[in-house]
Every structure is written in C-alpha cells, then in structure tokens.
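Same chain, two partners: chain A is paired with chain B first, then with chain C.
Presenting the complex of A and B:
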C-alpha cells in the first residue's frame, strides 16, 4: 500500500499537531493541572439534596440529606457547609456543621436530636478518617481537601485524562491520592485513595451542567472491602444566596 | 379524662397550625425486654409508640416559626396498663436574634457526657436509674443568638417530680417492727415563690479548633425527695417527702485542640433550702466538678471523665467527698454495627460495667442490646445493685 504525497503531508501535519498538543498537555505540571481544577468556576453558595445509598453484600441502607455550602478555601475564604439529615427517621434532624479554613484546619459541630445539644467534634486525623454516618466516605472525604494539602506530580496524559499523583504534605489519613483529571474540562472524574501504598477505595464522579456550573451529579465510592456508597445530587440551587447566619449552632439545631 | 384532655389540646393546637408549611409526621415504635440473671427473672419493658408532628413557617433558610408535638402511647405488659402522655409540644417564634419557645420542652445544658452537674432543668425518669431519661416540662424559653455568644433563659411555672427508680432499684426504708408509717408529700404549689428559672451564657472563640465556655445560674426545686420522719406516738410515724428549693451556679467548657484532643469540663455549686448561696459555710452546700477528654484512636472514640463530689458537713459531721472515674470506648466498624463499652468506677470500690451494641437491620429498624453489671460491697454506690445485673434488648422502628 502506497500513500500519496499529499496524504503523507497531511498525515505528517496531523501528527505534528497531535505531538504539539500532547507536548503542551504533558508540559503542564501536576500543580498547574490542579490549579486549573481548583480554579474551575464555583458557585458562591449552593443548596443541594443528596441521596446516599450504602451497599454491602447485596443489602442497602439509605440516607437523604440536604447541604448548604458557601465560601472557597482556595480563595482564602472560610468554606462553610451544613448538612441536615432528612431520612431515615432515626437520624432525621441530625446536623453537621463544618467550617474549613484555608490552612486546612476544620471546626466541626454535630447536632443529634436525641442528645438535644450541639457537640463540638475534634478535628484530629482519626476523627476525620472515621466513616461519615456509616458510609464509604470518611468525614474528611465529605469535607473535601484544599489544594495546599498535597504536592502534585503529573504522571502523564492517557485517554484524555491527566493522571496526577498527590502526596499529602501532612497527615491526611491517606498515603497518596491519584486524581484522573479530564483534559477537556479539568474536572476530576476518578480518584484513587491509597493507604500505606495500597489502594483503599476508588471514587467515580459524573457531572451535569447546572445553572451555568459543572456540578457533580453522581459520586460512587467503592471500597476494596466490597462495600459501595452512591451519592446522587438533586434539587440544586446555586448562587441563590442565603444568610451567613445559617452556619451557626442556632440553625444547626432547627 | 387525662387522655381526653391531652387529645383535645393536641387537636386544638393542630387545627391552629394547619396553615403552616412543611409539616412532617414521624413515629417511633419501641419494644423490648430485660433479664435479671441473678434472679432468673424476665422483665417485659413497656412498649411505646411516639408520634411526632413538626413543621415550620418560612423556608428552611429563613424560618420565622416552628412547632413540634410528640405524643407517646405506652403499654406495660407487666401491669396491663396503657397510658398516653404529651411529651415535647412547643411553639417557637424566631425574631431577629431571638428565639422564643413556649410549651413542653427538653433543655440540654453543659459539655460533659455522663456526669452533667449543670444539666438540671428537666426532671428525670429514673425507672431504670442507669439509663435516666429527661421528662419534657412546660416552660418559657428565650434564647439570644449573638455572634459567638448565646444566652439561654428558661422559666418553669410548674414543678414536676422525677420518676423514682423501680422497686428493685430502691433501698427499702427500715423502721422498727410494729411502727405504722404514713407518707405525706409536700409538693411545691403553683406560686411565684416556686417559679424555677435560670440562664446559661455561652461564648465561643475561633481559637485552636474551637473553644466554648458557659456560665449557668439556676433557681430550682429538687425533683427527688428528702425524706423526714417524725414519730407522732411510739407506734406511729409520719414520713414527709420534701422537695427543697435550691440555687445553683456553674460553668462548663470545651477546648478542641489541633491534634484531635477535646477537653471538657463542668462544675456546679449548689445550696439547698434558700440558704445564702454565696455563703460557703452553708451546711447543705454541694459541689460537683467533672473534667474529661475525648479522643479517637484508630477509629475507636474514647471518652474519659473524672468526677469529684463535695458535700458540706453539718455541725455534727465533717465534709463528705466522693470521686468517680468514667471510661467509654465506642466504634462503628461498618454502616450497621456500633459497639460501646462503658465503665464507671467509684472510689468507694464499686463499679458499673456495661457493654452495648446496636445493629441496624434496615433503614429505621434497629436492635439494641445492653448488659449492666454491678460490682462492689452491698453498701457502696454500685455494689448495692449487685443483685440487679441486667441484660436488656430493645427493637426500635422509626418511620
């Protein structure tokens, strides 16, 4: 089979473009990729309803919660989030308030209706590593990380995803995280969590366009132990604005 | 008659609140039994159903009013008695920085978990004394919510006695044989003098991982009786149950450190019978101080408390001191199981040990099993119950 001269030129040109694109993509450092990820446009405030299904050995437990968030710790703001459980009935009314500062330190308060009072939670490594209400997410996973928590290394671009290895700068309960960042929109689509060098769990994320923002629609966290937790987001209300006083004990108890 | 009155009151309240938004109905059905190994006695616990209606006016982000009504119906298989009672039933109005609530409420003050000297507003159901439950009481409550500061004020016009421990948990009164004893209750009447009131000021600081400090003042009435027996003749006596008025001043605090350590503490100073509560020589003065920690190690939350009690002696006897230690370890290995071990040691040599587990069978369906073991001499705080070791189990359905 012989290739015509014009076809060969075109192929060479295409290869050249692809090589430049690949070189350009690979030339982004891990930090630069994560800068793009953390720099993705975020709403100033969000209200979301989440349904959580925990599955193990074919049996399921479910929870529904509503979350309110504001602030962006990556802009030096205090990231505030409040979660209220809507179901099941035995934990309905329980609330969790988290105030995360730019340096990664977190102030956490928990309200359990049965106790009738707000409890201050410790934010030590062990507490943050504890399961979030029995799910495959830890309290730390739910609270999220700040960019300065890790050092990043770009391990290459494959099938449209940057593979970024994130090494914690302090004790974060994991020895390493591996982010798979979509090169088209710089959103994380998959995260692998390693403990002592071994894969502990894998998170898969899908997104949807909501009020002009790319927002998570479904998150699946699978532990190597065999259990999975699915979080489905709905009833998004972004940039709707709500009083900052919402993130206080007063509203946590209501 | 009482049940009809309660039902009528509920209907009126419900009708008045029909215009509210976001109304929810939830219910809890609890049934269980206990077993006393020492006597091989199986004891059925009352089965209860709690129906709760709650709702609010306004959006969740800007509510202007909220209400809650909880009615409990119980059936005790041992006595074949059915009862219905109004539990929490209140209306709350939020205006600016203030929340004003009126109705049957439960107040939880303080920071510590097991021994809570300043958490005294509600009387207690002590039927099972190792598992005391608060009794909702009618009160007016005004809370000021400022930035980093809150003031919680309560006023209780009606006095409610605590429910005494079931017979097997009480120490029998011993009078000489042949004495006829009659018991009289001197309950506080509904008067201004018997109004119970108090306030808790709580301040929070954004230091370390958060610091809370609270101050409490309360004027109340004892909810457990002081017994006084007077002989009216060599063969007859009258025992009167007095519920003494008291003043209490206290403080509580929590410090959350960066490494995950929480330090907690509470202390209360109490004077009975209207004595000058600032006078430390008041013979009936009492004080209790609790210092504790909370720390999680490899998924196991540990809680410890040291408790120091002091009672001012009378002219005939010296001061009395008592000390206790508490240790609790709890963990949830997965989404269904939670395990807890509780140990309380009193320095008189007695102790309470209680392993507990809870299993979630399905959404809203839980099985809880507990064992209470008592150790020590018969005259000691926990040793007096050595014959009351108890295994109990309860199934709870919430919907």
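Presenting the complex of A and C:
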C-alpha cells in the first residue's frame, strides 16, 4: 500500500505533536508534579460528613462521622481536626481531636462518653501508623503527608497519569508511595503504599467540584490482606468558618 | 488358552519386545509423578471439622504459619530483644510472608499520667535497660501475656509466628525464614509449624522411596538366589517384578495422581506380591524340569498347573487394593491405585513375560532338589502326615488362638495424630516437644462462637470458660475478644474486669482499633462482632487424648456459655480425629469388600466351598493381626488400618495351596494323601514365598514415616501367620470341610480339563 504525500505529512505532524507532548510531560520532574498537586486550591476550613464502610470476608462495618478541619501544615499552620461519631448508636458521641503541627508532631485527644473521660493519646510515630478506627487507613493516611516528607521521581506519563515514586526522607511507616497524578488536573487518583518493598495497600480516589474546590467524593482503600474501606464524603461545607474553641477538650466532650 | 500360550512361546521375542516398549512408555509416566507432602493432603475429603477449620482459616486469617521458638538463658538479657526485632524485620521482608507476630510486633497499651500510649513493644534500635525492665513488667502483668503466650513464664524462650501465603513455594520460603532466624539469633531455636512438618514429610518421601525400594529389591534378590541357587534364576523374576513396579508407577503417573508419604507402601507391596507370583510359577517350572520335561513343555505345564493360582490371587489382590479407592482420604486412594495397577501388571507379566523369558533363555541346570528328597520337603511331608492324623485338633488350637486374639482387638487404641507420624527422636518431634515444654503447646484448638460479642454477659461467660479450660491439666494460654477486652479495660480504667455496658465495650474497642492495624482484631472477631474465635494453645497429643479433651471442652462450654451463643470446635488436632473416623470407616468397608471380592472371584473360578476354606485362613490372620496390635499396644493408624486388606494380598499362597490340593484330588488321591502331597510340593513355595514377602515388607521398618514402619512390622508378623496357617490350619480345614472339592471349571468342561485346558 502506498501512502500519499499529504497523509505522510499529516502523520509526521501528528508524530511531532505527540513527541512534543511527551517531551513536555517528561520534562516535568517528580517534584514539579507534586508541587502542582500540593498547590491545588484548598479550603481554609471544611465541615464534612463521612460514612466509613469497612469490608472483609463478606462482612461489613459501617460508621458515620462528622469532621471539622482547619489549617494546612504544608503552609506552616497547625492543622486542626475534630471528629464526632454519629453512628452506630453504641459509639455515638465518641470524639477525636487532633492538632498537627508543621514539624509533624501531633497532639491527640479521645473522648468516650461511656467512660465519661477524655484520654490523651501519645504522639509517637507508631500512633500515626495505627489504623484509623479499625479501617484500612492509618491515621497518617487520613491526616495527609507533608510535601517535604518525600523525594519524588517521575517514572513517566501513561494513559494521562504521571507515575510518581515518592521515597520518604524519614520514617513514615512506608518504604515507598507511588502516586498516579492526573495530568489534566494534577490530583491524585491512585496511590500505592509499600512496606518493606512490598505492596501493602492501594487507594483509589474520585473527586467532585464543591463550592469551587475539587474535593474527594469517594476514597477506596484496599489492603493486600483482603479488607477494604470505603469513605464517602457528603454535606460539604467549605470556608464557612467556625469558632476556634471547637478544637478544645471542652467541645470534644459535648 | 493353551493354544494362545503355545503361540506366545513360539513368538517369545515379540512378546518381550512389546513389554520393553510398553515399559519405556511407563517410565515416561513415572516421570510425571509429583510429590505431595502437604499437611492438608492428609485430611479427609468430607469432614465437618476439616471444613469448619478451613472456614475459620479464611474468616480469621489463621492460615499456614511457621512457629519459631527462640531459647536463651534470659530473653530479657541485653541484646536479645534487639535480635528479635531484627529477625522480625527480616522475616517481614520475605516475599510471601503475610504477617509476623513476635515480641517486636506485640502492642503495649499503657495509661500513664492520663496519657494513653499504644505502641509496638520493640521500637527502633536497641532498647535501654529501663525499657527492657518496662517491657518485662508489662508482659508479667498483662492479663493475656502473663500466661506465657509470647514469652515463656520462665523467661527463657520466646516465640515468633510467621504467617505466609498459601501460594508461597514451601521449600523456598521455609529456607528463607530459617535463614532469617539463624542469621540473627545467637541462641538455640526450635521449629514447630506446618512448613517444618511438611518439609519433614517431603524429606521422608525422598529418603524412603529409593532406600526402601532399593533394600526391598536387594532382599528379594538374595531370597530368590537362596531359592533358585542361580543368578539368572534370581535375576529374571527380579527383572519382572521391577518392571511391574515401573508399570504401576507409570500408570499412576499417567493418571495424574500424586505420590504421598503413604504411597511408599505400594512399590514395596508390588515387589513383595509380585515375587510371590514368580516364586510359585518358577517353583513349578523347576519341578517340571527336574521331572525330566523338556523346556517348552515344562513352561506349559507351569502355566497349566500354577497359572490358575496366580490368576486367582492376582485378581483377588488387585481387587482388594481397589477397595482403597473408596476411601475419603486421598492418601489411601493413591496407595490403592498404585498397588492395584502394579499387582495387576505383575500378574499379567507373570503369565506372559515370564514364560516368554523362560522360552528364550537356555534350559537351566537343576541345582536343587525340589521334590521328595530335600530336607525341607521331608519336614513338610512329616507335617502333612501330622495334619492328616489330627485335623480337628489343629482346628481347635487355631480356634483357641483366635479367641485370645479377639480379646486383643478390644484393646486397640486408634491414633492418627501427627506426632504418631514421626519417630520420637526426629527433629520434628523434638521441636514440637520443646515448644510444648516452653509454651504449653505447639498447636491450637479453635472454638468458633456465634453470638453477640459486644454483649458484656457473653464476654464474661467466655472469660470464665477460658479460665476453666486453663485449669485442665496440660492446657496453656488462650486468646479471645473477651480476654482482649479484659486487657483493654484494665489499661483504660485500671479495673481488673470487663466493661459493664455494651456501649463501653464498643467504645473501648474503638480505642483499641485506633491503636493497631485493621487486622488486629481479625483473628478474634469478625467485623460486625457476630462471630468470634477463641484460640486455646494445646500440646500435640494422641487422637485418643484429643477426643477426651474435646468432650471436656464441650461440657465446659455447655456449662459456662450455655445458650448465650452457639459454639463449634476445630483445629489441627481435631482434624486428626476426623482422619481417625475415616480410617475406621475405610477399614470396615475395604476389608469387608476385599473379603467378599476374594470369595466371589474364587468361587466363580473354582468353587464357593474352596473359596470359603481359603478365606478362613485369611480371616484367621486378620483377627490375629489386629489382636496383636491391641495386645502389644501398636497404633491403629493410617497404615496399619490397611494391614487387613494387604493380608489378603500376601495370603495368596493359601489360594495356591488349595489349588494344588484340588489338583491332587482330581488326580485321584485321597484327601489325606492330597494334603500330604500338596504340602510337600506347594509347601516349599509357601515357605520361600513367605520368606521373600516377609523380607520385602521388613524393609518398611526402616521408614522414617512411622505408620509405614509399624505396618512393616505388622506385615512381617502377618506373613508369618499366613504362612503357618497355610501349612497347618488350611490343610486341616481342607480335610474337614473340603474333602470332595468340586471345581466349577471341571463341571463346565471335563473332569480332566484344567483351568487352561
């Protein structure tokens, strides 16, 4: 079969465009891709209702919590979060308050209404690696990482996603994270978590436009051990503001 | 038939050629055989306990695991905890390892000055003396750990449990795990997990197969030499029985069956039983030669006169082996398939390849006296005279022996436990015993509890139950959601008890869940707290002791838990009792069927009366076999349960004797003279066959797999009993019950036409 001159020119042009696009994609370093990700607009405060469904061996455990957040530790601010369990009935009213400083240290308080007391939780590294209320998420996964925690390497662009390998600079409970960053909006759509070089769990995220921000709508964390946790976010209230005394022991007990 | 054999002898080289080609094909089949030493392969196909065990393994992540027990004068001495930390990290890094539970990964939950700290017991780096003291204090004060769950009560041993993927290559992962431990632990250690057991089983198969088969071939060759006094005379039948074993293996391989520890019995049985066929045939051949017959005529006489016995016994033995195929145990089915195929091949070769070989080989010079004037024949003739004079007295003595043996049967104690599989001085048993000593057990009984696990009442009942079980002598520690709640509640409130309300249970669990990993509770409860697992650490014990314990556990559960929840039990040692149930069932079925088949085959070919007389000797032997098991406290296990059906195989000379007796009666001799002559001629074959089969089975006593070794001893005794009974009870029975035998073949053909005529 013979190719016409115009077809050949068109093919060459297409190849050229593709090559430039590829070069441009590859020209972004891992750090630059992650700069874009961390640079996406985030609300100053947020109130979200979160339903958490843990599944294993055909069984499910459902919990609903309401969370209040403010601050961004990536900007050197104290990141504050308050969580209150709404259901099931036997844990309703239990609360968790966390104050995360820019240096990574965390102060955590837990309130159990049946005990009527607030417990202060130690801020050791292992607490951060602990499970987030029995789910496949660790407390650190929920709190999020600080950009400077990792060294990043761009492993290429495939099917519209940058594959970024993140190697921790200090002990963060994982030996490596692999981010799949969407090249169109620079949001993470998939994260692989590795421990001792072995895949431990995989996180899949979907987003929605909420009050001008791209916010996570559903997050699915699957552990290699077979359990999964689905977080579904609803009733977003962003930048609505709330009093600072919300993040206190007194409010935790209310 | 006679025409066919004549044709076969005229084309002997072609027959040999066909067998050589087919044997090459069978060698290819034998190369397909895969070994299977997995512990799961020992379980019955259908067992409620085994199925429950599998369900629990899946639901509570309690799959395959290896247990390392590390010993030191003091586990808390400086450096030791750091070694444990390093070993744990190295084990976690191995591909295929799912979870490592050790001192390093155990969670410490401490409430100090209002701050609740939950952390892994060993952090990064070597712990300071103060940290070691705190760890020791925590372990010795913790409700669960102080019972010696992870550090022995004397502080001289600690354990590491490694759970790994079912798909992991066992030898590879076992080697890597052991390297991870031996590379960092400066003290001694023992192993007591599934990989250790399976590796030992695999090593046993790999060691036993060449060793036992090689020894059996040597012993049988030596006895052939003793019998035939000629190397060629010994080599020829040896070649044939080895070829039959290869055929058995080839067909076994082509079918796609797996070679397991018990399958080792099959090649030995084929060699032993096959040697019996050739001994009877060649004995007759040499007899005919010594009577002056020319070679081809002697071969035909051999086939005419002894072929019937070989055919009947070959069919009967193969049929009795096929009864094993009905077993619920894959291991027994494999043995049955291999043995039945090999025995059938051996019978086929005895009646075709052996005559062809004799036809092409030069006529051997008679080197031994076979009839009348040898010392053995004189003694047998004397025995014939004695039996002829006192048949009823002999039968009475036999009856008395039978009565004594019957009492022994009631003393039989079955034991299908894993500890009964290995020698007491084997590294597997030593390892298990060391772990049993240090931690009170190397295996577990699992109690599945179906109820509301957030109900404080049920938790209290469970805790009381666990305490009661711990008071049973020999029982060690246990874990459950109840004992965990007891620990959490004490850490959070300082109270030595359980939370008093359902909400408090739920909220304390929430605290615990936020301090570990998603799988921390997975070994004790399901996600919605409707199903829980209580794990009792128990030592390895006999299945009898397990059954006693099982009854006690059920009684206590009924008392302590009652209707609050539904409970059911599983665990490795309970699965072993399921194996016991199956082998007792198999024993009854296979033995009944085997005896029925022998009677059926023999009565179809000869007569029902002849069959009944022959089988009476075999039944006498079987009662004695199991009586001896009971009297000498030998275990009734996977292998000895099969001894009865195997006795039918080795007892084929009883068939040969009655064939010969009937032949003598057909020839016109009186019953007494027929017995005397049959003993003088067949007796020699019986003697050497018993010696050869006994020698073949005796090599099994060298097996490292104890059921096989015990079976070896039992079979040697069996062969001796069948031999003695054939030379005493059977002639006496012939004189009393078979004075005028009627052969079906004679009736159908002609009074002078034999089986092949």
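One rule holds for everything that comes next: the second predicted complex is superposed on the first by the 254 of 254 C-alpha atoms of A that agree within 3 Å, B and C clash if a C-alpha of one lies under 4 Å from a C-alpha of the other, contacts with A are read in each partner's own complex, and residues count from 1 in each chain.
We take it that contacts are C-beta pairs under 8 Å (C-beta built on N, C-alpha and C of every residue); 3 or more make two chains touch, one makes a residue touch a chain.
Model, not experiment: these values are computed from the prediction.
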item	value
Touched partner set for A:135, first chain B, second chain C, both or neither	both
Contacts of A:246 with chain B and chain C, given as first, second, both or neither	first
Chain B versus chain C as contact partner of A:54, first or second or both or neither	both
Which superposed partner A:107 touches (first chain B, second chain C, both, neither)	first
Touching partner for A:116 - first (chain B), second (chain C), both, neither	first
Touching partner for A:223 - first (chain B), second (chain C), both, neither	second
Contacts of A:170 with chain B and chain C, given as first, second, both or neither	neither
Footprint overlap on chain A, comparing chain B with chain C	54, 56, 61, 88, 90, 115, 120-122, 124, 126-127, 130-131, 133-135, 227
List of chain A residues in touch with chain B within their complex	47, 54, 56, 61-62, 66, 68, 84, 87-90, 92, 105-107, 109, 115-117, 120-127, 129-131, 133-135, 227, 242-243, 245-246, 248-250, 254
Complex contacts: residues of chain B adjacent to chain A	26-28, 56, 60-63, 66, 99, 106-110, 134, 143, 145, 150, 206, 209-210, 212, 254, 256-262, 294-299, 301, 332, 334-336, 360, 362-364, 366, 396, 398-399
Partner chain C, residues of chain A touching it in the complex	54-57, 59-61, 85, 88, 90-91, 94, 96, 110, 112-115, 119-122, 124, 126-127, 130-136, 139, 171, 195-198, 223, 225, 227, 229
Contact footprint of chain A on chain C as seen in their complex	58-59, 61, 89, 92-93, 95, 98-99, 111, 114-120, 123-124, 454, 492-493, 499, 501-511, 513-522, 526-528, 530
